[in-house]
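This report concerns only the one structure given below.
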Amino acid sequence: MSTSNQSHEMSQHGSKASASTSEGKRKNQKTSRKAVYKRYNTLGQSSGSPALGHPQSGARKSLKDMTKAERRALQEQKVLEKQDRKAAGLPSSAKKASEQEAHRKVASPKIGSTANTPQSPAPDAEKQAKKQQKRLNEVPWLSHLDPPKKPNTASNTNKDLHPAVLALGLRFAEHKMVGSNARCVAMLMTFAKIIQDHKPPSDASFSRHIQKYLDPHIAYLLSVRPMSLSMRECIRWLKKEISEIVEEDPPLTDESARNRLVERIEYFIKERITVADRLIVENGMQKIQNGDVILTYAKSSVVEALLLEAKRSGYEFRVVVVDSRPMFEGKHLLRRLVSAGIDCTYVLLSSIYVVLKDVTKVILGAHALLNNGAVYSRIGTAMVAMAASDKQIPVMVCCETYKFVNRTQVDSLVLNEMGNPDELVVKKSNDENSSNSLTNWRDVPNLRLLNLHYDVTPSKHITLVVTEVGLIPCTSAPVIWREYNEEFRKGVQAK
Amino acid sequence: MVLSKALEAHVESFISRLKRRQIVGSYEVAKETAIILRQVVSTTRWSDATVLIQIIKDLGRRLSAAQPKELAVGNIVRRVLKIIKEVVRGELETDDIMNSGTSEESDDGFSDDDEEDNEEDSDREFKSILAQDTNDNADHTNDAIPARPKLQTESSMFNLLVDQHSDNVDYSAKSYGMKPLIIQEINEEIIADLETVYKGIADQALEHIHANEVIMTIGYSRTVKDFLTKAALKRNFQVIVAETSPTLQGQEMAAALAAVGIETTVITDSAVYAVMSRVNKVVIGAHAVLANGGLVAVTGSQMVAAAAKHHATPVLVCTALYKLSPLFPYDIDLFNVCVTPDQVLSFSEGTLIDKADVQNPYYDFVAPEFVNLFVHNLGSAPPSYVYRLINDNYDSEDTIL
Amino acid sequence: MIHSGADSPIFVMATEIEKQADSAPLDPKLFNAVECYHRFLQDPDMSTPVATFKVFTEFIRCSQAPTMTEFLETLRQVGETIQDASIYDSNEWKSLNNSRTRNPHKATIATLAGIHLFNQFVRRNSSDFTELEDLKATLLNGSARILEKAASARERVAETGAQFVHDNAVILVHSYSRTVMNVLQYAANVQNKRFKVYVTEGRPTSDGLVAVSELQASGIPCAAVLDSAVGFILDKVDMIFVGAEGVVENGGIINQIGTYQIALVAKALSKPVYAIAESYKFVRLYPLNQYDLPSIVPDIVSFSTRRKSSSNALDLGENHSVDLAMSNPSVDYTPPQYLTLLLTDLGVLTPSGVSDELIKLYL
Amino acid sequence: MPSRAKQKQAHGDTDADQVLQAVILSDSFNSRFMPLTYEKPRCLLPVCNVPLIEYTIEFLAISGAQEIFIVATMHAEQIKAYIESSKWSKKNSSSLHIEVVHASECLSVGDALRELDARQLITTDFILVGGDVVSNMKLDKALEAHRSRKRSDSKYTDKNAIMTMVLKEGSSYHPSRARGEESVFVVDPSTNECVHYEPMEPFPRKKRLDINAEIFERHAEIECRNDLIDPLIDICSVEVPALFSENFDWQHLRSDFVRGVLTSDILGKTIYTYISNDSYAARIQNSQQYDSVSRDILKRWTFPIVPETNLQESDIYQYSRGNIYKGTRVMLSKSCIIEDNVQIGSGTVVGENSRVTNSVIGKNCKIGNNVNIEGAYLWDNVIIEDGVAIKRSIVANDAVILTNTTLDNGCIVSFGVKIGPSVALPKYTRVGSQPQPKDDYFDDEEESDDEEGDNAVSDIDLGEQGTGYIWIDKGDNDEDNDPRNLKVASLAFDLKDLSVGKEQGDDSDSASEIGDLSDSDDERDSVGDTWHPEQSQILAARKVEEFKRELEQSISRAFAEQHTVELAALEITGLRMSANGSYDDVRDVIVPAIINQVDLSKPMPSIRTVLKKWGSLIGKVTHGKDDQVHVLHILQVHCADKEQLHKLFLPALRLLYDDDVVEEDAIFRWYNSDRSKQLGPSATALRDKATVFIKWLQEAEEEDSDEDDE
């Protein structure tokens, strides 16, 4: 009954309401808390981030503003609720409310529709559904990965989240925003915004409260799409920063603390990403010569920048863009390169060995650099690197140091992200080439579709890593991770 | 042209279908080639073997010129040539000439209508042949190899020393019993072989697949499909299929396998390396196998084979003997064919395709060192032994048609 | 050049016959195999095994041996003498300084091949003859036929090999090899293909430089590289052509010193290595390693701490390089796994195919 | 029958009962390829060293055509000769029968089809293509769709469907689209019925697309598609040629036939589209397309129809990396550079240090040293001497380019011409071997007077050894009277060169147009939304104007060509419907027109004859009294304003009365109408003249009214 007496003590200090409370909504808060719990457990497993004790925050914020009467009503409510949750699912009212939520909160019509889909009435039911699916057509030896997520906008957990995060979450979920850099920056900016807007409850100081406040947001982001390793690094960094603020003595005023955090974030983005990219381009340029035939795979913002810069500074070279279904990210890269007047060849991954013949260099992007020197990147990267190294073609990986993570992995299956399997099915109905052979694959008992997002390239396939701190062998990743992160933090404090 | 009008017509249509790639897949091609050649033997008039050989060589040149990448054509032609020579050398026991002979006569009757009739009526006589040696068919094919004498024609080196001019037996000797015999040989050695190809390979499945294996394959190959299907009857195992973009044959394959109840997982080509760590055998088909043990296969095969090598996963290649070609990969690109890039990058991307150069090679060359074993319809062999099989099947003189 | 190579043997044969006609029939003891052997080798296009063969025919023609056994015995002797001669040469040519024109007779192995071949040839036929004269007769016209084939062999090798030269190829060639030259010239002049060639210098004889000049003469863009620069250049190279003194049982080759390490580097960089040889260079040897070759093992394997070498280590003059050459082997052995294919007049063979041929030949 | 046809198409093989017929219109009926087409028909011009028509025939063969008629106009004998020598006629085996139809007097597609109709060659549905189609498409699906509409059992039965246009999905500014001849198809996506067709010349830029409102009533949804490549492959029903003969003034397949059928409600026929998105289809109408299609072939978009397929059995091409195709016995010097997308015909020699990229070189060409050939098309037996530079040009057979000559973008050098040494041809120069005929036999009346702008180039020096004559490109015989459309369509055209000698107004807007011409493919919507009610007023006004103009033209044509009244009437109705103009407008035009026919030297007889014939035409367009009055007013006004017509008024009035075109009381009403009095002095004078006649009429009336009384 911890929650209940909690609600007592917290409600002593009634602070200004964030949103109008209604009977329906108060019910939702319970379910929300439940949801948050669940999330945290999953999070706890998947990434070791210590996330217990936070769930109350959901409740706390929502229960701030209650009169005693309401509180009494609430407690009765709770009892009832416990019972019928034992019985089955959720009270329908909650669901209805949740849908209203969805409509009111989120502008985009698409979301409205997803909200109405039976898939996501409420966390519990959803989990059921997922289990079902798993049993049917999930790949057994990948059952440890959580299946492709649907933006669960309907679940009423969202109501007390900052709208910016919701918007961001949706962009992630629908792969509107891809590429680890883009996602990281976006996430940090959003957090910055949250921090700016956050008003701590009168009892807690900002610096003590902010972290608790952020956690459900992070949880939400995790819930819509698994975070890339680099994002987790960022969050880890952010938490460290926050804890430092707390330790600050004499304690900072809310204002200064807030500003300091925001500054730090901006500084981080600038130093570790934007400036870093510029440096990487500079460093990479050393390795580009006239007459090169450079092969690249999928699309990496840094690599793109590098190639464009090389063209701008007048190098004569050809680019081979290798691409793969279902994402066809390379097509976008190709478009940019071509319009920049670079002479390009475009092939699919399957025919890489044919084009490899006259390639002189391979330049790849990375999502993260693991501590064992392996590169965690877009699925297919490993293949390209392997093919190139087989043919003794140097393989360069462009990677900012903030993507160096303290984690090791020897195969691509332990940690990965599952995409929506239906992406593999060709939609085009009017062309006859076998496309329809999979259209209703879910009905075929023995047939499974697997759409992984990342793979791990062993260090043996990689010649060097281009970072903002220079060209390094990928085996010295741990050094960078330890040294540079330290030094950066120092740098920040010095500033 | 020495060919009869009807036959000429048949040849023409075959050639144009080859050129337009309306007939693809080495099996179909091989079979039709064999049938055409048999007709040549039966319908054209030739006084002695030299003439016949010349005719067949010329025709062979025409056919393989029509679609140089379809090596099966040349292979069948070489097989036929070899058979003729053997027959002439009288190395083949002359049994039941009569019945097959007569059946051929009837064939001549039909031979002036298009190949449907022909196929079915040839089918009819395969039936008869298979009927007459169903029981010994398997071992007949098995001992076919040792049965065939080799030492005669292989090496000019050898002829240096033996005093008889074995390589120029005068084929010009008038020989009347030959025609039906040759035809019968073609039926048994080649066409019947073709009939039994898939079975022959599938039968060995259990020797290569153990229980609970995870097998990866790529592309759609009927040979591989039958192979796995057969194995699935006795053992249960999973198959992982790379979807093989852009043709997506892999998806077809997956659907087919799942249909016969094999646990099948479709992955993107890009996931091959990532998933390979789970795989403990790779089984792929081939479009053609070259004399050095390298093979021409659907695009992506090399990628799979290489990934397998890095994971020390054995690679099996299921291929019928008629896909063995005595040619060598003089140039890797030589046997590849680039089809329309439309599937890679849609033509409607007007402004883009105008500037960028889009490639869509249809085949891939897999070097011999990536292959562990060839499973062919008469057994299995390591790449280093392929040249031997080739010497058994073809006469080294005919390597260049 | 191909053509001269083609018909020269026959031509020489003719002259020989005339010579024999007027000169009085020699006693086998008197017959100077070595002299004869060297005489044949004067012709630069004459390949060693062929020469050996000719010597034999020569001998048969003028052999006085009364009985079959004696005849065969003398044949064997001749074989041995020739072999000794070749071995003697192969040591002796090194001691001559490099300024002198290249000496093509280092080919102990090749000679060996020739001798083997002929003995085999005799053995095959000797059994089914009782009359010595008939045997001689058959042997003579038999060997005549063999010589013809041998003559055309190089041309056919050229054709087979040229198939592998594709447009814009960059080819590395080790030192000088007549067969390789033929292949390249055939590809360039007959098939007018366009390709570039790197030639290794080929210390100590520097035959490579000769090769370069010959290729440039026939309009093929080419450049010489140091033997020690192979690793450096190989990245730019598409394929590697090497000749062979002898092709051994397991499909490996014995060839001018340096071939082995080139093959090793090529393997490391996964570049194809094609060995080009006429079929009569196949020899029934099975070397286990470098030190298992019939040519005498030079003293390089035994380390000498003679004060002399250390004392005048500084003046690296003519004689120094000479005795360096002296103390070094002239050939090395390249195991089959480093060879991609062998291009011969029998067509293209995989290394494993070679033993087939040899087995068929000698069993 | 249809079901069998279906199987047949499915198996693509041939059973005898229903042959698939195809018609190739070998002639382009325009002068795009002048001066080349002056000596060789377009369909025999080599594309990637293969005569264009081979591609077309191959395409038809792939689609299972068994009987092909080639309608040849220009150079018919050459075409005939070629076909007879080609593999198609040689092949005793081939199931393909080709017949060359010699139709020398045709001036347009319309004529050709009329000719075809006259000969009654077409017995079934047939494929209609130009002699310049390159495609690897297999038409069976389209054919099936077409046939199924005729079938009653199928889903979209439409007995009135007479044509299926096969179109290829592209994008608005797709290189393979015919620049300057793009067109918008308005399609009902559910049935693929084409409900409207609109040609879209880039100049003057169409800002708007007018769609008849009732279309929206008939179709739930329609798509306006400006992204379609139109290879002019049509599957036509038997009646199509007949339709052409009925509407003798239809010239063009699209702008006349398709528009005509779609707009006329009396024909009541429908046209469908088949939009393919996987296979390749394009046609070579102009040099710009010649360039793009050739490139597509080299880049293998047309696979399996690529050079090494050797459409002509004679040649053997070898494909190698970088899309380089080499024929047999090609001698490349050791030092020359052959870069991407190059085809070299057999027996050609390339000298030292020469560079060839993105080009096609014919058989037995001699190319000297230090030559730079870039994006050029050299045909057979061309001789290029040392140091020549050729950029994106066409050089025809046996031409000789002497040392150090340069050809800039878009030059066309005709057969056997000699140029140089050391001259530089400016962009878009055309050199013919014969002098350009003063009046091009293509030119019809309204042809190219506005061309002077680009004749500036005509004094180009061809070098002292140069032979040949500069041609200046005349416009087309079709009515796109903005020459810029032709320029856009020329080889290697880049928009910067557009403002050649045009008046400022155009330059200014062309500048803007260039802007959005070069911008990419979001044209569709801007064309899509079409309904601007606020503008419709002006719109209407303008339309009436041009409607009247067209009417005049057609009438005069009718007079000139002595059409029957019925035909003229039909035509007029057609026009009226298409422009939904009113009868008043019609009368406004034709009455004066008819009067003008009278030759004034001997007015009395001639006016009689004229009105005998044409009076009835007026009759056909006047229904009811008011109209008759209106006629009289027109007559009055018209006769009034030229005084030599004055004397014609009365007779005309009389005759019209006799022909019952106008009745008494109409005349009375006219006479009494105050309008007739206020039309100016001369008009009133005429009215007075008429008084006598009126009197007479009234009396007559009274008489028979009396009789009635009894």
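By written order: A, B, C and D. Residues from 1 in each chain.
What we mean here is this: contacts are C-beta pairs under 8 Å (C-beta built on N, C-alpha and C of every residue); 3 or more make two chains touch, one makes a residue touch a chain.
It should be emphasised that the depicted structure is a prediction, and the values quoted were computed from it without experimental measurement.
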Chain closest to the middle, measuring from C-alpha centroids that were averaged per chain: B
Chain pair, most C-beta pairs within the contact cut-off: A-B
Mean-CA-position distance for subunit B and subunit A (Å): 51
Whole-Å separation of chain centres (CA-atom averages), subunit B against subunit C: 40
Euclidean distance of C-alpha centroids - subunit C vs subunit D, Å: 75
Whole-Å separation of chain centres (CA-atom averages), subunit A against subunit C: 68
Junction residues of subunit C, two or more chains touched: none
Residue list for subunit D, restricted to those that touch at least two other chains: 277-278, 320-321
Shared interface positions of subunit A, touching two or more other chains: 357, 390, 433
Residue ranges of subunit C touching subunit D (in the complex, touch as defined): 167, 192, 194, 219-221
Complex contacts: residues of subunit C adjacent to subunit B: 117, 120-121, 124-125, 138, 142, 145-146, 149, 163-164, 166, 279-280, 282, 340-341, 345-350, 352-353, 356-357, 360-361
Subunit B residues within the subunit D interface of the complex: 5, 8-13, 16, 19-22, 65, 114, 333, 338-342, 346-351, 353-354, 357-358, 360
Subunit B-touching residues of subunit D, taken from the complex the two chains share: 12-13, 61-62, 91-95, 136, 168-171, 173-177, 227, 277-280, 292, 299-304, 309-310, 316, 319-321, 323, 340-341, 520-521
Residue ranges of subunit B touching subunit C (in the complex, touch as defined): 151, 154-158, 160-163, 291-293, 328, 330-331, 334, 384-385, 387-388, 396, 399
